[in-house]
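Got some structures for you, see below.
What follows is a pair of complexes built around subunit A, which joins subunit B in one and subunit C in the other.
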Partner chain A sequence: MKRLLSSITDGKGFDIALVAFPLGYLFLMSGLPLLYNVVMSFQEVDMFSLGSFWRPFVGLKNYRDLFAQPETLPILYNTGIFVAASIAGQFLLGFGLALFFWTNFPGASWLRGLFLVSWVMPGLVVGAIWNWILSGDFGVLNFLLRETGIIDGNIFWRSDPNFSLWAVIIANIWLGMAFNMILLSVGLSAIPKDLYEAAELDGANAFQRFWTITLPMMRSTIGAIISLGLIFTLQQFDLFAAITSGGPNNSSNVTQYWAWDLSFRQYDFAKGATISVIMIVFVMFASVVYVRSTRHEVRG
Partner chain B sequence: MGIRNLVVMGAFALASVSAFAVSAKAEDVTISVWSLDRDIQPAPNLVADFNKQNTGIKVEYRQIQFDDVVSEAMRAYSTGQAPDIIAIDNPEHALFSSRGAFLDLTDMIAKSTVIKTANYFPGPLASTVWDGKNYGVPKATNTIALYYNKDMFKAKGLDPNKPPQTWAELVEDARKLTDPAANVYGLAFSAKASEEGTFQFLPWVQMAGGGYENINSEGAVKALDVWKTIMDEKLASPDTLTRGQWDSTGTFNSGNAAMAISGPWELDRMLTEAKFDWGVALLPVPEAGAERSSAMGDFNWAIFANTQHPAEAFKVLEYFTSQDNRMFSDFGQLPARSDIAIPATGKPLKDEALKVFIEQLKFAKPRGPHPEWPKISKAIQDAIQAALTGQMSSKEALDQAAEKIKAVLG
Partner chain C sequence: MSETMRNRLMLATAIVLAAIYLFPLYWMYITALKTGSAMFATPPQFWPSDPQWHIYGDVWQSRNVGRYLANSLLIACGAVALICVLGVGCAYVLARYRNVWVDIGLFLILMLQVLPASLMITPIFVGFSQIGLLASPRFAVILAIAAKSMPFFVVLVRATFMSVPQELEEAALVDGNSRIGAFWHIVLPLARNGILVSAILIFMQAFGEFVYSKSIIQAVELQPASVGLNSFMGPNTNEWNNIMAYATMYVTPILAIFVLLQRRIVSGLTSGALK
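== the complex of A and B ==
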């Protein structure tokens, strides 16, 4: 008994308790809903069986039905484009800004803080603002493009199937850019200055220093940021609701918006769950990348 | 008289005795009411007034958000915690009544001296009916009609007292009124990928003799072709595809659209914002003399089947109904009743408009009723958008929708 107690206060038992607590929390708050969602994707669910767990098992029927729908593949494709373009845009612009502010001109840290405003704003507000900016007839973006002579006629960002997805991507890049910038700034400031001094003495030019010092030193930060970006992008729902509602004709629909539409607009909870399961696979992949890229930090 | 009848009568007697016993213990009966009405809207005020009467029934009110009504109600019902009374959006009524989640009120209404089905407009009433039985009472109603800018009509040489009557005239007038140089579109409406798109399009199909069950009928294809003409010739903003009715009509108010299709909920804003003379006309029909139709919106009252106090809940509904004549004067909503005259507001533009809307309401048809309405609606929205963006012809798009709807109807 005494050994058991002492092991809890100091020893293996303590370690186990430390691990068990967060694990238990995760299982309760994330694991169970996740499992429930997976189970639901194999069941026949309607509003009246919502409250019970034992619903008719239908095997892979939901998955088969889902992939038989003509809009499924285009929506998956849209999701891929949305994720890739959003992350690329957020990361490149965010990295550019981080490097820009890294030069530490007067007021740089102030301005950097101000950039965070976009990240602090709720998605629905951002969506409403971009809704106006991207409006076809009276939007500011069209006005700017027209006045600078880039376009002749108005582009209907939200309503032209060729642009609607990009309208949301533009808004999402703006929204996530500042977050990328801040994290990358942190990564940049963690690189020891003497590395650069030594490289400079050895005659390395700015590009070489960036390529051989900055990028390799930032590897774990970049990995983390890209996987976080993937998660945030796959979560992005508000912008779709505010700007295009997934239209026209699903040309800007993505899985996360579609899952909501199926579950809470069409009350097809099983299909909504099925799409969520497909998304979970992607997010799992991102999580693995995230964990692997941050493992370095924790040990170091 | 068979044994069964005796049993039924006995049960009825027992029920009425227990109902009496319950109402004798006045403060014991609590009826819960859920609706989306805010403090300036009918439900909470009617509840407060009802409670003041001390009838031995105490009503508890809970406000729910528009987006949560159905999911909240489903969750509550499936876990046995449903309220006694709920206000439900009319296309979703059948979802509950078809599965027996709502109480069949047919007999109670037949005996009621307050609620009479004959007093209602046919459209709103039909939305509460499933399988020939009454599962609710319309709470309020609305419909859509054509707003038009009389000043612009004059400026373009059109008769401001002759709004378009037919689809051809509508397109013709829209052509004349469209003025890209002045940033004016001929028409504003909504073809959004949401229930709003269906709400606006279905009346056109119905006027042409179609319906959601035969969405690819010849008339429906013609209706979509007219919409396509309007979009292709830029007689309406391309953003019609992603803009709701409220925002679309906003462009009418600011003078950027000469006509707009929307409902009476626009009236107050239009009175303050529109700096021009305007009027309202019935929705144009396919050709002169064709059947009229329009959309029908707003909520219905219903009693959940698992209520402990059906008789008391019905009394509360009777009270709500008895106050329908205050619906417009106090809360600005249109009662779904054809026997209640809408009092004059003293604002001539509004009074004229309301007359048209009341006339239009006679032709309003419910969406469905069908328990899987949202899926039917989604098929229609996708078809509208596929055709209007030029990805499919009207016929192809509606054929596809018809196939999807057929799968839903089974």
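== the complex of A and C ==
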């Protein structure tokens, strides 16, 4: 007993105690729910069996039912579009801004930091603001697009099935662009300046320098940012709740919103768990890519 | 073109870009000051001719904004306190050693960081209801948020501990300090700034958290401001000036903290997330 105590104040026991509590907590609060999720996806769960642990197992029935539903494929397709368009928009605009601020002028770093306000704002507030900006008859975006002659009539961003998903994508690009830019700026500033000087002496123009120095040097940063973007866009829930609620008629629904909707709007917890399991596998895959691409950096 | 000309030109472009980017925020503040008819005017007014300052007071009263914000504050403070108590020690150990166990721990933590809240809420909700945690819903939300955000906090704070020289701690041990003493009196004070910035980042996230609160907290008087804002926005709402006033009251404290601590927050974020 005494040895145990002294090891906690003075030896390895101290470290183990410090790590054991948080890891135990994470296991209880994240690990167990994860396993429970998988178990539930093989069970029949309804409002009556919600309170008991012993529910009838139904094998793969939930998975079969899920893919038999007509809305499943469109929603998966929406998720793909949402992820691809959001990441492309966030990355390209973020990269453009990062390159612009990289040219370094007085006030650059302060102004660059200011962009990050979008990232610290509550998602619901961002959603509310964009909901109002994108509103059909009185939205300011429609006004600006009309005035500049890009569109003739108003676009009903939230209620037109052709545009509802894009309404959320626009808001999500705004939300995530600054984060991309900040991380890309970090990557850019790590490129040694003398590489550019040497290339300039050799007569390479700006485009060639970008193509042969900047892009190859940024490869691991870009990989990390794309996989982080994938992780973050698959986490995006608040904007859907605040702008379209997945509607109209599921035209802007994506899996992460649908899983919640199944569980907490339609009280079909088993289906909610099933779709969660499928998506979590995807996210895990993305995170392995992310961890691999940052490995040398994280380990310091 | 001279150097100063170039700098001025770049600065002007940067300000224009920032103005475009921050326009949604500006639009929120402006809309909150408009009358019902000014709000729906075509063309829209980009500067309110007749600012309605009383909207703030009205919304504060009618929507119980104070109660919502108090709940948000309680949840965010609870989550940050729990995360700090558990996470700081974990980050310290993960920074101090480099062996295969630390790598495994880090890998697990990074994997947990990526689980989307809206996918995890189904098992968490069912599990919590089975062990009776839903009777104290705000506490349940604090527990869930802490589990969600702790990995991020650990990664950020670990980067801070890595920059504390180990020699200082070893010197304290040679001078007769216990491990606890050295940790408490030497390492923690040196890492204080980084821990504080990470805690603020976590606080901002928890302050705006929505999925867990929306699903777990049913009683209106216990809900945080994000859920309140959600129920304020019906499907066919037209009180946008009131909603924007609500959003303004919700988001302005966070924006104030951010602008004040911007430099530290940005550097803290970048050091942990990628570098």
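Everything that follows uses one rule, which is that the second predicted complex is superposed on the first by the 264 of 300 C-alpha atoms of A that agree within 3 Å, B and C clash if a C-alpha of one lies under 4 Å from a C-alpha of the other, contacts with A are read in each partner's own complex, and residues count from 1 in each chain.
Please note the rule applied: contacts are C-beta pairs under 8 Å (C-beta built on N, C-alpha and C of every residue); 3 or more make two chains touch, one makes a residue touch a chain.
Since the model is a prediction, treat every value here as computed from it, not as a measurement.
Student: Clash or fit: subunit B and subunit C on subunit A?
Tutor: clash
Student: Which of the two partners, first being subunit B and second being subunit C, lies in contact with A:Gly272: first, second, both, or neither?
Tutor: In the superposed model, A:Gly272 contacts subunit C only, not subunit B.
Student: Looking at A:Ser245 after the superposition, I want to know if it touches subunit B, subunit C, both of them or none. Which is it: first, second, both, neither?
Tutor: both
Student: In the superposed arrangement, does A:Leu50 touch subunit B (first), subunit C (second), both or neither?
Tutor: both
Student: Identify the partner contact of A:Asn180: answer first if only subunit B is touched, second if only subunit C is, both if each is, neither if none is.
Tutor: Neither subunit B nor subunit C is touched by A:Asn180.
Student: State whether subunit B or subunit C is in contact with more residues of subunit A in the superposed arrangement.
Tutor: Touched residues of subunit A are more numerous for C.
Student: May I ask you to decide whether A:Trp260 touches subunit B, subunit C, both, or neither, giving the answer as first, second, both or neither?
Tutor: In the superposition, A:Trp260 contacts subunit C only.
Student: Once chain A of both complexes is superposed, is A:Gln90 in touch with subunit B (first), subunit C (second), both, or neither?
Tutor: Once the two structures are laid over each other on A, A:Gln90 reaches no partner at all.
Student: Between subunit B (first) and subunit C (second), which does A:Thr79 come into contact with in this model arrangement: first, second, both, or neither?
Tutor: After superposing on A, A:Thr79 lies clear of both subunit B and subunit C.
Student: Would you tell me the residues on subunit A in contact with subunit B in one complex that are also in contact with subunit C in the other?
Tutor: In subunit A, positions 50-52, 135, 137-138, 245, 264 sit in both the subunit B and subunit C interfaces.
Student: Which residues, counting only subunit A, touch subunit B once they are in their complex?
Tutor: Interface residues on subunit A, with respect to subunit B: 47-52, 70-71, 135-138, 156, 158-161, 164, 243-251, 261, 264-268.
Student: In the complex formed with subunit C, which residues of subunit A make contact?
Tutor: Result: residues 9-11, 14-15, 17-19, 21-23, 25-26, 28-34, 36-37, 40, 45, 50-53, 97, 100-101, 103, 105-118, 120-126, 128-133, 135, 137-138, 140, 143, 147, 174, 177-178, 182-183, 185-187, 190, 221, 224-225, 228, 231, 234-235, 237-238, 241-242, 245, 256-257, 259-260, 263-264, 269, 272-273, 275-276, 279-280, 283-284, 286-288, 290-291, 294, 297-300 of subunit A touch subunit C.
Student: So in the complex, which bits of subunit B are touching subunit A?
Tutor: Going through subunit B, the ones touching subunit A are 67, 70-71, 74-75, 77-80, 95, 99, 101, 183, 192-194, 237-242, 251, 256, 374-375, 378, 381-382, 385-386, 388-389, 391, 400.
Student: For subunit C, which residues count as touching subunit A in their complex?
Tutor: Touching subunit A: residues 6-7, 10-11, 13-15, 17-18, 21-22, 24-25, 27-28, 31, 39-40, 42-44, 86-87, 89-90, 92-94, 96-98, 103, 105-127, 129-130, 143-144, 146-148, 150-151, 154-155, 159, 162, 178-180, 183, 201, 204, 207-211, 214-215, 225-226, 229-230, 233, 235, 240, 243-244, 247, 250-251, 254-255, 258-259, 262-263, 265-266, 269-270, 273-275 of subunit C.
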